[in-house]
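Below you'll find the structures, each written out as structure tokens.
Both complexes shown next keep chain A, but they swap its partner, so chain B is in the first and chain C is in the second.
Up next is the complex of A and B:
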């Protein structure tokens, strides 16, 4: 009994790690732009497709495909960032919703148009199971967990100490003051956006071996999973996002085990409603920032 | 004054334009010497794979018929519309085919949920709806003497399938403890409803019951539960695209080879078996058709499809190919492409299909066998074809 619970908690942490890496990019973009990036899951999809393409068409190894997937996504994100995202600084909230939803549709359908709508089979990765604490887990899942920790420690350090990190925090606090002291706001937005998209792509490539299937519409599900997480974590709050993702991952895992798999997707939104009722500024922010 | 005049002129000219525009259009529609056939199938979304195969199967049949001079000298013209596998899109796709393309015959959809939504639309428009791939029993419970006069189904139902699988699992494999893991749709749920109806006859018991949403990728929690509750087999009525994911996670949890998959979800394709051979070894599936089916007509279809599309056909390709041929046979027998005459011909037809002779019962349901197979040493082996007359619930 106890070992089952422990196993489900570990499962939840692994799922949470995937959510966390995607969500943290979305929350940082919100921080600097005040806009929810509804196309975020699409970068997750692009990364996975890039890696699948590298393995199936170019014959590269899984390690190399990670690099290809993330780089391809960075290129797309750069173009989208230059053309769309940096224009959204100071724009009304509706334009952000419209623009990102539009981008989501364009990216999704372009991929379907080029590669077809069917599921692709992702063949790379470390799927051999190993046994820890008496239950078995694919090596790939441990890799996901480790990468997630590295990413979050790295982001904490970057946000706290680096110039870009400080600029990001400044922009998320007050755009006008940033302009007064000479911070290039559109540039900060662009870089944050590319960083966020690259993280989503990384998450996609890391998850692909255990999720096996790759298809054009896969990003949509991820976008809707990450929405409750970034709201729970407090919009723009990196550390909060990490804990919110873990809470959701574990809660989903326990619900799937003890209530039923069909109720899994309700967990995120049920939690979201509760959070919005009692702590609308998120679980981990002491007060509303925006 | 001039302003008003202009507006009136505009209205009048638009009206004239509309009338002149529509006249030649309807004229061509009537004069066009083709049989218009619409295909509603999921061309995008999580079931796009099924839709792709369905359309190719239908296209192949249409091409063959037209190359041979058409039906009674009339060529078939194919229109396809994307249902995305959702009832809402399926209904609008059906309306588009009826209202804009003016089709008299529709084959569709793959998903039971979509077909159920299309039935009243076809009934209202009095367009012949031939279903080729949905297995929910309700579709023909409510057709023929049950209600919808324009719905026919050339596909065996889940009722037959559930019985065949449960019987084989219990009698041949000796399973008594089962776990349910099916897709959360009219197909997945109804297959389980009928499994529950028959399982007690074989002293089977269900230890856990879960349904997954289309697009689900994480089955670890459920599989861990199944590992711990001691089920011998997972009753899985799922989607082909999910089977490899599930099979791989069975390997990951160490239950591959210990718990057997039974049900339906394209266990028999090479691609699926290759994804996790140990998990699929011994898996039992009931399918309407599979490429290994041993009959000359079926083998000829497989060969033709493979040379045309450089890919082996699946079940959906076959049933759509077969249903187009069935329709052509009915038109031939009716001696006209008039939809009411074709419908009457269908009710009386005795059609030679590659899996056997097909006739329709008073619920417009084709009497068709379910083919039972088991994966042995990485290849599907056919264990038999079983048909059963459906016991319709008394109204």
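Up next is the complex of A and C:
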């Protein structure tokens, strides 16, 4: 009994890591742009499709497919960033919502149009289980956990010490002052956006071997799960996002086991609505950031 | 030319009434002018016009961007479908029930949601669609889960001893047209009333409206409920026309379609919504555009509307209307 609970918690943490890597990009984009990126899950989908294409059509190894998937997403994100995201600086919240919804529709349906809407089999990855402390865990899941930790430590360092990180924090505090002191705000927005999209793609490629199936509509589901996480974590709060993702991952896996698998995907939005009602600034931030 | 002489102005006739007559004739005669597929497209456009009218009241007049329309559309479709399948009630009963149930559902959802602003409100309303779909899928004893409701009977009317069934595309077109015209008139009445002006005041400046004594909270809640009722009526027509309702009635795609209609046609304009539903739903349906291509086009439309074409077709419609009316 206890071991099943523990196993579910461990599974939840792995799922949470996946969400965390996607969500942190979205929350950083919100930080600099004050807009929710409703298309964020689509970059997760693009990364997965890029890797699937590399393995199935180009015959590359899984390691190489990770690079292909992330690079392909970066190229798409660069184009979208140049054409759309830069224009969203200083635009009202509604136009951000509508523009990113539009991008989500375009990306998702272009992929479905090109590759078909059916489920595809993702064949790469390290799926051999190994046992640690009596648990058997697929290697891929351990890889996800490790990558998640590396990403978060790296982001924490980057946001604190690097030039881009400092510029990001500055933009998220006051756009006008940034312009006064000569920070190129659209450039910071573009870079943050590409970084976020690349992280989402990385998360997608890493999860693909665990999920096995790849399909055009998968990004939408991830967007819907990421929204509650970034709200729970406090918009723009990197550390809070990490913990919120873990909470949602564990909650989902427990609900899937003890309440019913079909309710797993609603946990997120039920939490979202509850958090918006009681703590609209998130569980971890002390004050509202927007 | 002496100064006393005025330049003879080109006399421009007011063509608005003739145009209105032509439009009415076209609307009434449409099933006999085009193919059956055209009639079908017009019916779909009329069905989507109803939730779009509701959304226009929210987005265009009160300034609340909501994605929840698909949820109320689904609730209306399920209400009408369940009534018709289980009790075989006449159409007008289903229609009123769908409107009331959707409107009633909007009350408990609107009270928490309307406390939120801008993006948070959008996310919350998006949540309603997702949760609605989950309920439709999992409350199997009522909704029959993923199977959905099928073979919903044709709408029929019962007036005392008389009763007749609306069957066939042409007849359904007239039913949808009648409902659509009534709904458009209802929106017109709301917008033209003092309440409509208060809604616009809330859109323009909520704090100022509040300080002038407009009970903004009640207005927003009531408009949210009215817009849900319009969506419910649309859902009722949808259920009767397609004769099938599945949990996929609750989907983001429908909310996006309704947004495209309102914003593309021109938010805050009744003729814009009518025009938008014919253009974006009717035309794409009639051209038999594949769903993926249609959604790509919708996405592109959203981007164009947001950045370059903020008012949609509203200025064009206005200019056309003034031009044929001889107004400079």
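Everything that follows uses one rule, which is that the second predicted complex is superposed on the first by the 290 of 290 C-alpha atoms of A that agree within 3 Å, B and C clash if a C-alpha of one lies under 4 Å from a C-alpha of the other, contacts with A are read in each partner's own complex, and residues count from 1 in each chain.
Just so it is clear, a contact is a pair of C-beta atoms (placed from the backbone, for glycine too) under 8 Å apart; a residue touches a chain by one contact, two chains touch by 3 or more.
Just so it is clear, the model here is predicted, and its values are computed rather than measured.
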Overlaying the two complexes on chain A, which is it for chain B and chain C: clash or fit?
-> clash
Counting only touches as set out at the top, which of chain B and chain C does A:272 meet: first, second, both, neither?
-> second
Applying the touch criterion given at the start, work out whether A:215 contacts chain B, chain C, both or neither, answering first, second, both or neither.
-> first
Is A:95 in contact with chain B, with chain C, with both, or with neither (first, second, both, neither)?
-> second
Of the partners chain B and chain C, which touch A:137 in the superposed model: first, second, both, neither?
-> first
Considering only the touch criterion stated at the top, classify A:67 as touching first (chain B), second (chain C), both, or neither.
-> neither
Mind working out whether A:262 is in touch with chain B, chain C, both or neither, as first, second, both or neither?
-> both
Is A:112 in contact with chain B, with chain C, with both, or with neither (first, second, both, neither)?
-> both
Can you tell which stretch of chain B collides with chain C among 37-45, 55-63, 73-81 or 109-117?
-> 109-117
List the residues of chain A that touch chain B in one complex and chain C in the other.
-> 112, 117, 260, 262, 265
Would you mind writing out the residues of chain A in touch with chain B in their complex?
-> 4, 7-8, 11, 15, 112, 116-119, 121, 127, 129, 135-138, 210-213, 215-218, 221, 253-254, 256-257, 260-262, 264-265
Residue set of chain B touching chain A in the complex reads 43-46, 48-49, 51-52, 181, 184, 209-213, 215-222, 224-225, 228, 241-242, 244-245, 248-249, 251-254, 271, 275
Chain C-touching residues of chain A, taken from the complex the two chains share | 35-36, 84, 87, 91, 93-99, 101-106, 108-110, 112-113, 117, 220, 224, 227, 231, 260, 262-263, 265-266, 269-270, 272-273, 276-277, 280
Inside the complex, what are the residues of chain C that reach chain A?
-> 65, 112, 115-116, 118-120, 122-124, 126-127, 130-131, 134, 137-138, 252, 256, 259, 263, 290-293, 295-296, 298-303, 305-307
